[in-house]
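Data first, discussion second: the structure below is written as structure tokens.
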Amino acid sequence: MQTIFVLVKCELGKAYDVAEAAVPTVEQISEIHSISGQYDLLMKCYLDDGADIGHFVTSRLQTLPGVRDTFTMMTFKAFG
Amino acid sequence: MQTIFVLVKCELGKAYDVAEAAVPTVEQISEIHSISGQYDLLMKCYLDDGADIGHFVTSRLQTLPGVRDTFTMMTFKAFG
Amino acid sequence: MQTIFVLVKCELGKAYDVAEAAVPTVEQISEIHSISGQYDLLMKCYLDDGADIGHFVTSRLQTLPGVRDTFTMMTFKAFG
Amino acid sequence: MQTIFVLVKCELGKAYDVAEAAVPTVEQISEIHSISGQYDLLMKCYLDDGADIGHFVTSRLQTLPGVRDTFTMMTFKAFG
Amino acid sequence: MQTIFVLVKCELGKAYDVAEAAVPTVEQISEIHSISGQYDLLMKCYLDDGADIGHFVTSRLQTLPGVRDTFTMMTFKAFG
Amino acid sequence: MQTIFVLVKCELGKAYDVAEAAVPTVEQISEIHSISGQYDLLMKCYLDDGADIGHFVTSRLQTLPGVRDTFTMMTFKAFG
Amino acid sequence: MQTIFVLVKCELGKAYDVAEAAVPTVEQISEIHSISGQYDLLMKCYLDDGADIGHFVTSRLQTLPGVRDTFTMMTFKAFG
Amino acid sequence: MQTIFVLVKCELGKAYDVAEAAVPTVEQISEIHSISGQYDLLMKCYLDDGADIGHFVTSRLQTLPGVRDTFTMMTFKAFG
């Protein structure tokens, strides 16, 4: 499994709607948080080993209704 | 009370209109400044303890006519 | 409970040592990931309601040996 | 009067000490907040008209013990 | 006189048209350079003392056809 | 020859289409990678000495269908 | 093979020395460019599939003499 | 001639000293401004065609006493 975190900026006023709709729609999403700062949401996703992360983000997350921008953080190793 | 600062980018040419309209519209806003840098406005807001800040920013500030982008800074403690 | 995510930049070459030492040292940390981008680590922490987050970050995380810089993201609501 | 906001990054673990020491030391500071994000503190300062803001920031704020970095936001007009 | 530098992002493919049209249109602009990085153009402007810089940027520069985003840098003192 | 790297943000969900279409369309592009972070693609381009890089980026890359934003990095010298 | 790009900031005045020393020292580096912007160098590296990228960056690149900061970009797919 | 703009961050409290010393020391510098934002100074420099800009910035500007960080913007074409 590969774990990624994706910061998501949503259409104005739509962040909570995006979050509520994304969880049941995209099975790879395990949790979403609304956050402070430049982005509206932080999504944690689990992908199969070998999955193309760039393709997942552009084809599955960027196409969710209300998503406006994404910032992808790869994880390399988990501790704790 | 929780204090937050929100940097706001407005539709081109609309920053002063947004600022003038926001003050009487959103009671949680105590002051707005037009500023240098990447954003047009800095808004200081007071929210009730326990208020959902993410919900306030997305539903009350991002939906103001002319707002294009927001950056939320939480405050944890005040000095001075 | 309040959930925060903290991006951490470490002294050069020390990121994995910092991560391994932080987990057993700071009870509020639930998970740490080494990540791509500008920062070395992403830490997820759970704090008691009412805890001063700014004080926690500066006094507990910034003082961990090998930490060089931090970026704090508050979460407002969890989905999923 | 000119109003400026200065984001301040402090030496690791020193943000609250810096804030407590700065208020009585620098008369131009009216309020300081510890904040989320990349910086530790947000300082609001009032300067006399005609004061050289660059000189104030570098000679009065950057020289406070424990200050590590600053980001200056000018304000042009206040609303509300 | 107050000197400001404004980084400008233009509609895709329009940066050179914006630059050529801006020089004769906005008398406060003294020079424009196309640049590397996140923005397309760097404009140097001279404003009268006491002019509201925020108002100038939003009403005169942001409204130029083809401008998409601005980043304003105030200057405090000139050397050399 | 001048070598430049251009970070490209694409319309939502279109990054792979943009990459596939750009390679045969723009002869100066030698390789494209989909990447983590704030941008979707990293393009490496070779330009003739004396070519106007700003003009190339705005007229050839920014006008590719599906491109939304660019960030240009000049190279000065190659090693290795 | 996994391809990564790493932006590197060097100790002041040392960027060209770092670049010249890195190429023969770290076999995973295929090319280095000195660049415009916030960082001094852009390194392209090839790692074995399954290699821990976070460990490579922190243990092999951040420990090169003269390196001061790194920013890692993962690539997901190559085009062209 | 090639024109570049370099944003410079100085050792704390030293920005004005750096600016005053740089003008007579580095002949390529034509003007320096102290500025708002993340950096302390903006330097405009003229280099001979064919000069290695990366080498100039790292060997001539980064080595000025009191300089802490630089951000280089290339210009491609001048208007006005």
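Lettered A, B, C, D, E, F, G and H in written order, each chain numbered from 1.
As a working rule, a residue touches a chain if its C-beta (ideal position, glycine included) is under 8 Å from a C-beta of that chain, and two chains touch if they have at least 3 such contacts.
From a predicted model like this one, the values you see are computed outputs, not experimental measurements.
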item	value
For chain F and chain H, chains touching each	E, G
Pair from B-D, A-B or F-H with over half of its contact pairs in common with A-F	A-B
Farthest chain relative to chain A (centres taken as mean CA coordinates)	H
Pair with more cross-chain C-beta pairs in contact, given A-G and A-B	A-B
Chain C-chain H separation of Cα centroids, rounded to whole Å	36
CA centroid of chain C to CA centroid of chain G, Å	25
Geometric centre distance via CA averages, chain C-chain B, whole Å	27
Set of chain D residues in contact with two or more other chains	16, 34-37, 52-55, 72-74, 76-77
Every chain pair in contact, whichever chains are involved	A-B, A-C, A-D, A-F, A-G, B-C, B-D, B-E, B-H, C-D, C-F, C-G, D-E, D-H, E-F, E-G, E-H, F-G, F-H, G-H
Of chain C, residues touching chain G in the complex	9-10, 12-16, 34-38, 40
In the complex with chain H, residue positions of chain D that touch it	52-55, 58-59, 62-63, 67-69, 71-74
Of chain C, residues touching chain B in the complex	52-55, 74, 76-77
Complex interface listing, chain D residues touching chain A	36-37
List of chain B residues in touch with chain D within their complex	3, 5, 16, 19-20, 22-23, 29-37, 42, 72-80
